[in-house]
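Each of the two complexes below includes chain A, the first together with chain B, the second together with chain C.
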Partner chain A sequence: MKIQVTSEGDLHILELVGELDYHSSPELREKLNELASKQASKVLVDLKGVDYMDSSGIATFVEAFQKAKRYQGRLVLAELTDTVRGVFEIAKLESIFEISPTVIEARERLAVKA
Partner chain B sequence: MMKKRFELASKSEVLSPFRKELRQLLGQAGWEKKSTEGILLAVDEALTNIIRHAYGGQPGTIVVLFEDDPAKTEIILEDLGKKFDPTTVPPPELPRQKPGGLGVHFIKTIMDRLVYDEAFKEGNRLHMIKLKSKNPKGEEVL
Partner chain C sequence: MNDPVRPIIEVKNLVKVFGDRAVLDGINILIPQGKITVIMGGSGCGKTTLLRHLIGLHQPTTGEIWVDGSNIAGLKEKEMNEVRRKFGMLFQGAALFNSMTVGENVAVPLKEHTTLSAEIIRIIVRVKLELVGLTGFDDFMPHQISGGMKKRVALARAISLDPKIVFYDEPGAGLDPITASMIDRLILDLSKKLNITSVVVTHEMKSAFRIADQIIILYKGKVLQVGTPQEIQNSKDSYVQQFIKGEAEGVIPFKQTSEAYLKGLLET
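Up next is the complex of A and B:
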């Protein structure tokens, strides 16, 4: 899994490429924990390059989401592939997370909504 | 009837290369993409449970038997680790807003039958079955 982190002011974008499983999720957890420790207010995760995700990936996002909620931070997931969306559906978590169809929409969502 | 046997080391690095092999086999067995991805996820979750819980991160061997016939695809996982019967795990409350606890739910949701072999004394043997067709009542056709 490749993870690229870019920051634009208070917006932090994580672009993920590859497979998110029990082997690769600790690396993502580390990056998200770094942002949570800085109380990053806006985090956008671009998932269009993720073609596989298991429950370890879901657990990583649930943990990051809960941490962000504690300090009123926001985590938006964008451009889920069909496979990744299917995993969120089985876990019935689509309604819990903020999910955007595109990165552009995710940026707008984070810019507008308080 | 197509049969294949794999022997995997109990470590997370094996998951991705094994998925590649399994994806290919499921394609040969005639599964379309969505079902293939589902079965891959279920098997991956079961393997992860063996690595994490049965072997507890310690070295060990996992045997995977892939068997395909016109009625079903069956994947059998064997390990020599600590006893763990996923069929007895109660369903989680959904949506689960705590990290973890979803792997067995994924396996049960995706596969049609899950059989834990009590007779396998040395460790765990789990049969994961996906039926190729179901009758109108949704019951198995074997």
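Up next is the complex of A and C:
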């Protein structure tokens, strides 16, 4: 899996490409933990390049969400493929996350207050 | 996206001989991906032996067993372990570790096969327990929960690594009819929601007709019939009819003839 992190002021964008599974999710966790330790206020995860995600992927996002919530940070997930969306739905977690259909919409969402 | 009817398991001319007896005698079956296949048959028909071959616990005398693109017949233990990561297995007796909590039991495969952190494993365990309807039971010990709940914990453990295939050995054994039907519903639910291929070995007719997309009936180590529950129900085969109706009298001999008995007795 490739993870590219870019920052634009207080907005941090993670673009993921490949399979998010128990081999690759520790690397994503590391990146998200770095942002959490800096108390990053706005994190956008672009998932359009992720064609498979397993339970470790979803657990990584749950942990990042818990951490962000503690310091009132925001985590928005954008452009979920059907497979990835399905994993969120199965785990009954699609309602707790902020999910955007497009990266543009996710940026707009983060530009306004929650 | 995978074609939902692509076979994920293909068994070709499988023969297993124990001593001078062919327990499996030329088995050919296709197990479609994402569907529930029920393997049925009376005691001694070879269904448990077949299941053991599918999960690599027995090696065939001859024949091939293709699981998700690999022929597992003749695989070395290390290679077999790689293939086994794609499986989940629900054993007949749940087989929980009594000294561990429910949550720790579900976490065992994750700790053994991955390098995931304890925090991530804890979250995965909670998601899996929710899937089997056991949210909040993480800290219970196995002796504090019922037999049906133990089965569900074992199922949560079987799906902890997101397997493509789950094998169930007599999932309803030892459970009351209501709990057994709850387990059936869970098998259906997981299969549909997670697109898991399920292979269920059972002799319980009601359960088979409730959950199966495909039923395979074995008799004396051979495949007697393969079909949808409807096709099996309407089968003209007298063996199949006797079997599904559970009749003692019919073409399947309930006991040996007295001639065979005397012959056997006098020859030894």
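Note that in this section the second predicted complex is superposed on the first by the 113 of 114 C-alpha atoms of A that agree within 3 Å, B and C clash if a C-alpha of one lies under 4 Å from a C-alpha of the other, contacts with A are read in each partner's own complex, and residues count from 1 in each chain.
Going forward, a residue touches a chain if its C-beta (ideal position, glycine included) is under 8 Å from a C-beta of that chain, and two chains touch if they have at least 3 such contacts.
All values reported here derive from a predicted model rather than from experimental measurement.
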item	value
Touched partner set for A:Asp54, first chain B, second chain C, both or neither	both
Larger contact residue set on chain A - chain B or chain C	B
First, second, both or neither for A:Glu105, with chain B first and chain C second	neither
Which superposed partner A:Glu27 touches (first chain B, second chain C, both, neither)	neither
Touching partner for A:Glu63 - first (chain B), second (chain C), both, neither	both
Which superposed partner A:Ile96 touches (first chain B, second chain C, both, neither)	first
Chain A positions touched by chain B in one structure and by chain C in the second	21-22, 54-56, 58-60, 62-63, 83, 90-93
Touching residues on chain C, where the partner in the complex is chain A	1, 110, 114-117, 119-121, 123-124, 127-128, 130-131, 160-162, 193-194
Chain C partner contacts - residues on chain A that touch it in the complex	21-22, 25-26, 29, 54-56, 58-60, 62-63, 83, 90-93
Residues on chain A engaged by chain B in the complex (per definition of touch)	19, 21-23, 52, 54-56, 58-60, 62-63, 66, 82-83, 86-87, 90-93, 95-96
Residue ranges of chain B touching chain A (in the complex, touch as defined)	12-13, 15-16, 19, 34, 37-38, 40-41, 44-45, 48, 51-52, 94-100, 102-103, 105-106, 109-110
